[in-house]
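See the structures that follow.
The two complexes that follow have subunit A in common; it is paired with subunit B in the first and with subunit C in the second.
Moving on, here comes the complex of A and B:
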């Protein structure tokens, strides 16, 4: 990577229009990934396999939502709009999350005969989480100092979350044949989308050029290496190269699942955006 | 190395685990609550998010309730003791300072007396 200038504050970032654009693009990827996955997690409330897990998963979804808030607040500081508006009033094509995190939890709706797939919840959280860890570690040396600081804070909490998902992966992989089969089917489904995670979007070259984060290939290689290690420890077959979905979420292309998610999560906010909470 | 299946073989049966937490490295472990889990690893994974979301926590123990052996109610009265063992309580040593003072004063008085005696002997030579 060419030597890059360290940017200490939002005011400083705003002085260079190109830098600001690359930085906001990356921040939207980070924020939207966590926000939409946390929303999917919140849809499990009351539906997780047992009460202890129900509470734990909801609590962690709140944590992840909290990570998204930190990124949206950075965007607000950069003059992109109010954090709440960014989360709840943008159209789907303004979202930069990977397709993996927007997929519905299963068939049916939260209020309409939900048949959610617990194996998919575990596999998605674990595989996304592995990527998130690599990404956060790469962000520790971001040229945008506030982003490096925020990432350091998140890493501790995220490592704890990963302990949780890894325990579940291990349990299901080494439990009954049914649990193992369902987990493997879920991993295959997640894996078909997971290749997009390391995509830094149409502005990737600028994002990397400004030293905001390591290059896609580097993130991807590190993520695959670490994930493969854990698969081996747990005794799971390595699924090989991850696939990519038909749409490119990082470029604002999304599935109908995201429309549904946004319509539901912003329903109350849209009624009266000025209401105080 | 322990086989993975040994860690997970109980997964069909959930057990009650008692959870203890330690606030700081110096604090004692305090019993917090109990939860259901198929094994200790899962119990640890559930413990913090379920009951320690707001409090600081430095370390956790989980113990299967079946592994805790308590006195049955009919034996608990045997824990009572005759009330004549104040010497086992620290308050039995409450007057230690005044005793020390008394002994020191007696010792010093004796020293003084000895010096006075030896002085008078020397003068008499």
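Moving on, here comes the complex of A and C:
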């Protein structure tokens, strides 16, 4: 980590083309992970198991969407394009989110017989959330000062998201055999994709070299350690080494699920991008 | 800059602070944004006022409304021709920034204020804003806004909300 000079502003970041590229790449990973997961959360609106959960889950999805907005605005400041356009007009291969967050909530569509898997929603949000916490903590010492600042703020909020999901994990793990079986099946499904979360993409070496975030191996080890501890506390069996999906989302390879998500979420925006909201 | 200009800007700043007391939190209309500790800085330069605002929650949907309300209000100040609202994250907003006198107003609105001097790991004990009983129960960590939770008082049998402690 020889080049970890602290960069205070977007203008300063733009003076070094290599730094700018590495930073943008990382910001797209952060933005797209939160944006797509928040979108999947929004698809649960009106479908959550009870009214209180519906309010809570929508509120958290809105907050995660707000985190994505912060990152897209940082990209806008860096000259990558308008935040709204970045979110809504890019093709799937420009997205850098991990495959885990784009998976559909279950079978059927929101308007067409949604058979969504609540266990999967819990396991995905919890396991992604564990990684997000480790990542935000690592970003506190990012060389890009604005990123370190917003990360600190996000951590104060993310804490509550994790409390919420942890209650669900604990209750279902210690409930009826059916609840436990379904939760375990959902964890297994999430775990098959979760190994990609700590992937920093094709530009990983530059991203780490510029001191933007800690190295992949370090993020991964910390995340696994913390997750293993919580699994033990809850009384869940440790699923072992996480798997990785066939596609590499961090390199712009995605599943048809992302195409569906992007087509739906940007449908209105594409009709009239100049409309005022 | 001439000395006269400085004095004028200082006076305009004071006028802006005063009017900002009237800009309420859109979700909690009894409390001003100043009392919420959300207004960090007000700086006037040649008729342009720059207001630095600390968001309580990054994902708060009321941020745009606050921005517009601030602009509308400050344009009423004679001598102000433009309002620039900036959301800043340094320093980060924490719930200890809420003014002491505002805490009572929150209670009167049915919202329990966040605990003072809260430290990570502390238990979050919430007294009912109506009857002050500690015999309350968390119903939903996430209420109608991300910054609030929904609780129920087992003493006076009222549902109420509480502002989450935000700290780092």
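Points worth noting:
Here, the second predicted complex is superposed on the first by the 275 of 277 C-alpha atoms of A that agree within 3 Å, B and C clash if a C-alpha of one lies under 4 Å from a C-alpha of the other, contacts with A are read in each partner's own complex, and residues count from 1 in each chain.
Going forward, contacts are C-beta pairs under 8 Å (C-beta built on N, C-alpha and C of every residue); 3 or more make two chains touch, one makes a residue touch a chain.
The structure presented is a predicted model; accordingly, all values stated were derived computationally and were not measured.
After alignment on the shared subunit A, the placement of subunit B and subunit C results in a clash.
For subunit A, the partner touching the most residues, choosing from subunit B and subunit C, is C. Residue contacts after overlaying the shared chain place A:70 against subunit C, while subunit B stays out of touching range.
In the superposed pair of complexes, A:155 makes contact with subunit C only, with no contact to subunit B. In the superposed model, A:163 lies in contact with both subunit B and subunit C. Within the superposed three-chain model, A:55 lies in touch with subunit B and with subunit C [touch as defined at top].
Only one of the stretches 39-47, 75-83, 93-101 or 129-137 belonging to subunit C has C-alpha atoms clashing with subunit B in the superposition, and it is 129-137. On subunit A, the surface touched by subunit B in one complex and the surface touched by subunit C in the other have residues 52, 55-56, 59-60, 160, 163-164, 167 in common.
Subunit C makes touch with subunit A in their complex at residues 55, 57-61, 89-90, 92-94, 139-146, 150, 164, 166-168.
For subunit A in complex with subunit C, the touching residues are 52, 55-57, 59-60, 62-67, 69-70, 146, 149-150, 152-157, 160, 163-164, 167. Those residues of subunit A that touch subunit B in the shared complex are 50-53, 55-56, 59-60, 160, 163-164, 167-168, 170-171, 174-176, 234-235.
For subunit B in complex with subunit A, the residues that touch the partner chain are 4-5, 7-8, 11-12, 14, 35-38, 41-42, 45-46, 48-50, 53.
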